[in-house]
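Heads up, the next two complexes both have chain A, just with different partners, chain B and then chain C.
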Partner chain A sequence: MNHIALKMLMGDKGKYLGIVMGLTFASLIMTQQPAIFLGIMSRTYSFIADVGLPDIWVMDPKVQFVDDIKPLQDTELYRVRGISGVQWAMPMYKGLLKARLTDGRFQTCNVVGLDDATLIGGPPVMLEGKIDDLRRSDSVIVDIDGARDKLGKPSPTVGGKPTPLKIGDSLELNDRRAIVVGIAKVSRTFQSQPVVYTTYSRAKSYAPRERKLLSFVLVKAKKGQDLAELTRRIHETTGLAAYTQAEFKTLTFEYFIHNTGIPINFGTSVLLGFIVGAAIAGQTFYNFTLGNLLQFGVLKAMGTSNWTLLRMILLQAVLVGSIGYGLGVGLTAVFGFAMRHTILAFKFPWQLLLFSGAGVSLICVFAAIISILKVIRLEPAIVFKG
Partner chain B sequence: MNPAVRCQNVVKTYDTGGQKVTALNGINLDIAMGELMMLVGPSGCGKTTLISVIAGILDQDDGSCEVFGEDLLNMRSRDKLNFRARNIGFVFQAFNLLPSLNAAENVSVPLIINGMKRIEAERKAITILEHVGLGERWQSLPSQLSGGQQQRVAIARALVHSPRLIVCDEPTSALDHETGRNVMALLKDVALHKDRTLVIVTHDARIFDFADRIAEMDDGHIIKVKSTK
Partner chain C sequence: MPCTLGLTQRIDMQIKYILPLLAVAGFLFAAYTVINSNQPVPVAKAVTEPASAPFKAFIAGAGIIEAQSQNIAIGTPLPGIVKTVAVKVGDHIKSGAPLFYLDDRDTHATLAIKLADLAKAKADVSVAKATFSDAKSLSDLAEAVTDRRAISTEELLKRRNAMLITKARLESALALVQQAEAGVADTETTLSRLIVRAPVEGEVLQVNIRPGEFAQAGFLNTPLLVLGNLDQLHVRVDIDENDAWRFDKNSKAVAFLRGNRSFKVDLKLAYVEPYVVPKKSLTGDSNERVDTRVLQALYRFERKQLPIYVGQQMDIFIEAKDYAPNQNSENHPKAKGSSS
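Let's look at the complex of A and B:
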């Protein structure tokens, strides 16, 4: 009977395509929108992910997310270094500073100051130059996206693309000269500001005069040291907040989840996609069953059981669901691939496949149930009513 | 010898919007094995209700209807399905072929319902299609066949699993005179034999001469049963 069910489904090409397209649309929306959402949310903690070497981040206890800088006194660095289980602890400055460009424009930059001696916390990938070049006077490393776009020199032609900043070019940070000695590849951040790396001491000279300028203390635990135990010890000894990298990412992620409208906006899109997809696919599938009611009646009159008819309808629903899901997910993947070099945030983990798969399954079950109920209640005597 | 079908005091009432309509009002009818019985009468007289009860696709409210000695009303649902699948063939006014299946696939449906493998069922279906003169058209979809050809496919479908009872609802009313008579001739020729009974509901007076007996119905009653012999 499976063969008959499939032939019935595909016999009416228009309805068949209608159901598949409805499910494709639902699957696309339920995958693409969350993928963009996850992409945006992953940018909130991309800076933490880029700084891969330290095990623990130490900061002011009131810090709520990675860009919520509440500076510490430099002496806190030495206190952390003195705690047992700490292999090393390095300072990091992170702050938004205005850069004056060669054409006189100002651009806010995310300035990151690295420990002068070790340069720990530097950019993950150097495209041009070396990170050691930061030891040269007035040197900075800028990220490639910033260099190409916001920090770029104005185009000589009206409306043209800016000329990318390159090694040897200069800019001003708080009236102090900064020479570009390297171009780095960093993950895009949520605020999409250009990232400028320099040494900790130079960053302090760029920053406005303040009593406290230490943003984070980056800690490497000794081999075999339990990280949870060490974070607890740092907190108890210094009164500062200490998070593992994963905990700091979660803290940042949850801040954006709870304090921005992003989840609601994307959640609404996903929900609408689900509802519209369910409505289209459910209605079309139900209409398809209604259109075939006489055929189901004939099969019932000839001795087909309700259970067999139910299996036939489920098979039809599973087939259109699988095709629609595959097309939707495929289109999402194509979309993500096409957008990989653009500013658009896109993250497509395997869990998202399960999420949209569950959504499409729910739609198919819903569509199948309303159809099955109609067929089960069907009186086979309908076959003699013309 | 027991009749193929025995209806005794069969009553069926429909509830249409709070109003009771008696479709069958104490029907008594015996149909013998090997007989071609026609049920005739004006629209709404209960013909279709009666063949629905005889075919086991509608339960009567009162009375008994035995088919080959089995009381379908008291049969379990599963047993009734199996009984229908094995013993009854259907021919409909509008053919009711599955439009997306070709002729052989349509004819093979009752065999598949009875558990036969598809390939084997289709092979047997092609053989039956040859008997009804459509051996060459087994791959055609219903939409590619004329009305008469579709009805011949429907007859092949009704016969393929060798049922003992074939019920036909207005099998010729969608066909022109000559095609209708050809279909009836075919039906009588290939379907009727001493181990099989045909019950045909019809308005079509042009085919009455194919019947062994004709039961005239009116207002839920059988008012006359006459032999054509």
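Let's look at the complex of A and C:
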């Protein structure tokens, strides 16, 4: 019987391909659009993810997301350091500063100031140079994307690509000299500004004069210390907000979910993909069943039970569903692979595989149910009426 | 016919197998992408491990190293051009040793004038003495005449008065000598003030003056010379005013060298400055910002214990009472509640 089901399915190549195509595109849209959405959303907190060493971030209680800097007094660092359960606490400066490039252009940069002695919070991957080089005078480390593009020197030919910034090149940050001593690879951020790493005290001298300049206190908990307990203790003693890395990511993520149109935009396109996919696949599958109604009628007249017919239709649905799903996620992966070096945000977690799988299954179940109803209600006599 | 049939069959076969194969390949590639693209970002290690407190509850603070005598910024009593600098950075000097000499040609010239004045005054004294002895002998001669008729009263008075006048002149000349001597002493004092000397025994930490430069009197942002006694070092710890209530003079304290936490030293309290001062951020910035007030405690340690220099920053941990001010206040009502 299964053999007959497959024969029926693949007998009409046009319809077969139609069903598979419909499901492929439904699965493609349901995977690719959420992947781009997740990619963009993960960029909102990529800076937090890049700073992997500390467990807890301490900041002003009114901070809403990672780029919403509300500086603290410098002494807060020592108050946090004095809380039991804290292994160490380090200062971090993060702010947007204007860099003046060699050709006179201005570029806003994300300047990150690391603790002078330990350089904790530095870039995860160094492509050229070492983090220690930040100890040299006026030194900064620039991220590769910024160095290649926004901070690059103008091209010698008109309209050409900018010459990438190299080690030894200089920048001007707020009228102060900065020498590039390293190139780092960092995760792209939401605003895609070039990231400039330097030491905390130097960042303070680059930053415009303000009374408070300490953006974050990075805390490492002692071994065996319960993080929730420690964040509560830090909050109670200092009155500052303390989040674990995951909590801070969630805070940032939720800020963007609630305050930008991104989730609605992508939600609608995913929903449309689902509806269009369901409509096309469902309709073609239903049409296909209708077209084969005669054959089903013959089988029924020959005494095949409803249960067997049901199994046949389910087999057909599962087969086209899996093929469409496999092709769809495969195409998404190819798309992501092809775009891996571009600015496009793309993130493909395993949950997404399940999500689109569930979506395609839903479409197939829907298509199969209406077909099954048709077949079950079928009178075998119809065969002889024609 | 068989040929076309074979072709359609072959296409059938292709569709039958190629699509599922493609689907399987697609799924596998997607699974590969999922695994490959979601590897966690590598964690950037700390360049040097940060120091952490060896106590359960503690106060943390930044400390700056200073000499036991504090760092003495040497000033000059008189402004002037520096002639020679007698010490180098790092010299160990005794109390009273000359540090630098100011240009003294002017004062030497004045001294010569004053000495000449003294010589002149002294010469004037001998003239006055001679005049006085002349007048005195004439007066004595007249006084010795026993017969009053042999000399007129006028003559006698004249000689006596001349003697008294010259005596007064002699006294005036002697006073002038004293005046001239005082003038010489004054110039000599000025001369000695042009040599700046060490007020205490210690080490020269900084020399900011070179021969030919103008040394200004008064308070300077960059001291001419910094002097300090380095046998024992003090570390000045800033304790946030919010933490000051937890500070206990008798509790243990440990200092860690920045950049290498294996260098640590136990501290002994030297003294606490009871006046809470506005904190300067210890960044070395010339425009230091004031953000809060801090209690300053000074701890001491032997210089030999650490490879450290005056002016360096350290991370200090002082053992203290546990924070939890809220917990205490919360515990009390709870305890009451549970008992009742």
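Note that the second predicted complex is superposed on the first by the 386 of 386 C-alpha atoms of A that agree within 3 Å, B and C clash if a C-alpha of one lies under 4 Å from a C-alpha of the other, contacts with A are read in each partner's own complex, and residues count from 1 in each chain.
By our rule, a residue touches a chain if its C-beta (ideal position, glycine included) is under 8 Å from a C-beta of that chain, and two chains touch if they have at least 3 such contacts.
Please read these numbers as outputs of a predicted model, since none were measured by experiment.
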First, second, both or neither for A:T304, with chain B first and chain C second: first
Touched partner set for A:R177, first chain B, second chain C, both or neither: neither
Touching partner for A:K98 - first (chain B), second (chain C), both, neither: neither
Chain B versus chain C as contact partner of A:K161, first or second or both or neither: neither
Partner chain(s) touched by A:K204 [first = chain B, second = chain C, both, neither]: second
Touching partner for A:E379 - first (chain B), second (chain C), both, neither: first
First, second, both or neither for A:I4, with chain B first and chain C second: first
On chain A, the residue positions that both chain B and chain C contact, one per complex: 10
Touching residues (chain side chain A, partner chain B) in the complex: 1, 3-4, 7-8, 10-12, 294-295, 298-305, 308, 379-381, 383-386
Residue ranges of chain C in contact with chain A within the complex: 11-12, 15-16, 19-20, 22-34, 37-38, 40-53, 56-62, 238, 240, 242-243, 258-259, 279, 281, 283-285, 287, 289, 291-292, 294, 320, 322-326
Chain A residues within the chain C interface of the complex: 6, 10, 13, 16-17, 20, 31, 49-53, 73-75, 78-79, 81-84, 86-90, 115-125, 131-132, 187, 201, 204-205, 209, 211-212, 220, 222, 233, 236-237, 319, 322-334, 336-337, 346-350, 352-353
For the chain B and chain A complex, residues of the former touching the latter: 48, 51-52, 55, 57-58, 78, 81-86, 88, 90, 92-94, 96, 98-101, 105, 109-110, 112-114, 118, 169
